[in-house]
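For clarity, chains are labelled A, B and C in written order, and residue numbers in each chain start from 1.
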């Protein structure tokens, strides 16, 4: 079970922590332990890529137990994989999905933000930026096959894709729920969401840190399509064919035209954004909040 | 009855006048009299604030008979009340509602725009700007409990809030109907509406000066929720709890991030916007239009 | 029949060609012939204007067989007609419709882009810009009476109007389908669409070059109203009355406020946009694509 695996693994992720803190789910799906800062299996690959030369489509499976938390290690491996595919001219499409049960990605790894030096926090944040930059500006067709919950950074990753297919399971949720934990989605998270669902829905979603079930997410346009859980990946593969029927160069120029202003904004403010994150997350009050969450989770575990 | 009260009170408000002029309602709910420029009861408070220390929530009742027209006096008192609450750290949430029957606020007071000196018009417009700036940038959670019609400036006031709950009474309407009277909603009215309902709905709403019934307003996203008339305030109070469950600092930073560009735009063009308003409203042709409306209303009264 | 007329007339239009190339319709409604560069009836007017002095409303009928392709000749005549109406103070409203069966306008004339000198391509593109600038900034109320399919440039023309009424015939389609032909809708096409349907729908519509049937187009807001095919023009006339009930000056200032940033953007980048188009369309690879489409169409014809 995901719960036990999570407890065993002692990893916390921002989105799921936040869900817990809101008390609306009553399920403990993950548990952090700030002592353990390295994954047990850090030597095994956290990302598995299946590339089909005949179709030009790669499927990237996130396989970092228990909940695909976006740690620095994970992000580094993820970005290298995406960059390799990006540079391979024969790869035209990328499907991102999860090998973990019930979760797409639980978002930023809270352990990267708690009790770390400012330097380390800065390195981590730069990796988060890099993931977003690589995906949002990818020349490949990118499709998120969202086969589980996708809070916070997991939602951000999905939002960078050209198309989002989500499992129609009411237990899953998706959203940028940062404020529920007392932290703030930065401007480029906000821009990405606003480009997807518009200004007003973004305002209410971010201020309340809302997590949406699949039906709600479809309604507001946060995802594009719902399918039964066991058809997420096959539907992504079929949808990819439709996208690849469009001449690459025309699609790429169009995609760039749509996203360039948003990308250039982060590129031009990248260093300031890092400083802003580091200054915020290393505040005593924020660190205290994080510690309280972590300890609450440990008690639940007990 | 509101009609008789309006006639007795001899006050005109932009929104309701405009409704009349469009001939689509057939009800005379207000009547101006450009001779009477002072409210009979100008000494009594036009705004009543109930602040509950235990919840941190203030309810501001607009009580300027008959239709809560936004006169210079009213706006001044309103802004002072909001500023006091803003500076009181124990006040975290503000609910704005009306004590008048059938109307939330009828909008800008037409008598402040007719037959007045340019200087006086400028002072008035600056007060309208001030109301918007205070509300749109408030650190408090702001909820509009819209228990009656809310045209023009009344709609603007509601649009500044974080959340809008409207009475589900088909006789009520809401919208920026300025063009119906021959005047123009300025860019910051437009920006506020576009931030709420998007560019295209704003275009058509402003060009036609549309007033929406509650069902229509909900559909386009001008309001967030409809409830029976007698539950508007209680629903606002319950909703406020949900918003206050979010840590203030995270919500405030997020709100500021969403609204800052719109606010900075008016701040940087504030004086030019005043000059623009004064130049427009003191035009002979516009004054003539206003006089014709006022005289038409007087005849109806007769 | 339109098919035979099209084949006889030997004219290609971007939108319909593109539809053909996608193979999703199976109907050959038009056929180009790059030898014939002049319309048979180039001396007869391609635009017919009926102006009713009593209402102040002009109806512009596009009558360039077979599919109202936007050739340089057509655009020149179209712009002159619109400018005349614009300068006639008694003309307050403009309805644009088609005299051709089953098509509103098939979009840019592909023969203006194939095998032409860069200079000629530049002149053509400037005329396309001019059409957009004239319509998008018109002081008149403009209503598109879309009584047939309206791909690519035909869709753009419709999008410039204040209101769009489309025939509720599932065989008709509308959209900016440029990428399907391997070319790209420029930034001002994109801006116009985004102003109408928002950022996310624009992204997906442009990247996939989607054509929508009337029901879909209504749902995403690409058109405002559907009516039976034989009521398109009468509904446009009735709707015009509603728009003309608003004082012109207030409506015009409001319209300008909504559209000015988008217009100024093209005005300031007009020459660069021409160079960009010419550089792209005269590329050998693009010319080759166009030739293949044209030859495929000729074969189908045979």
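Please note the rule applied: a residue touches a chain if its C-beta (ideal position, glycine included) is under 8 Å from a C-beta of that chain, and two chains touch if they have at least 3 such contacts.
The shown structure was predicted, so the numbers you read here are calculated from the model rather than taken from an experiment.
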Angle of rotation relating subunit A to subunit B [CA atoms, steps of 5 degrees]: 120
Same-residue or different-residue interface between subunit A and subunit C, half as cut-off: different
Intercentroid distance (Cα basis), subunit C paired with subunit A, Å: 41
Subunit B residues counted as touching two or more neighbouring chains: 198
Subunit A contact footprint on subunit C (complex, rising order): 22, 178-185, 187, 190, 198-200, 202-204, 206-209, 289
Touch list for subunit B against partner subunit A, complex: 162-163, 194-198, 221, 224, 242-243, 245-247, 249-251, 253-255, 257-258
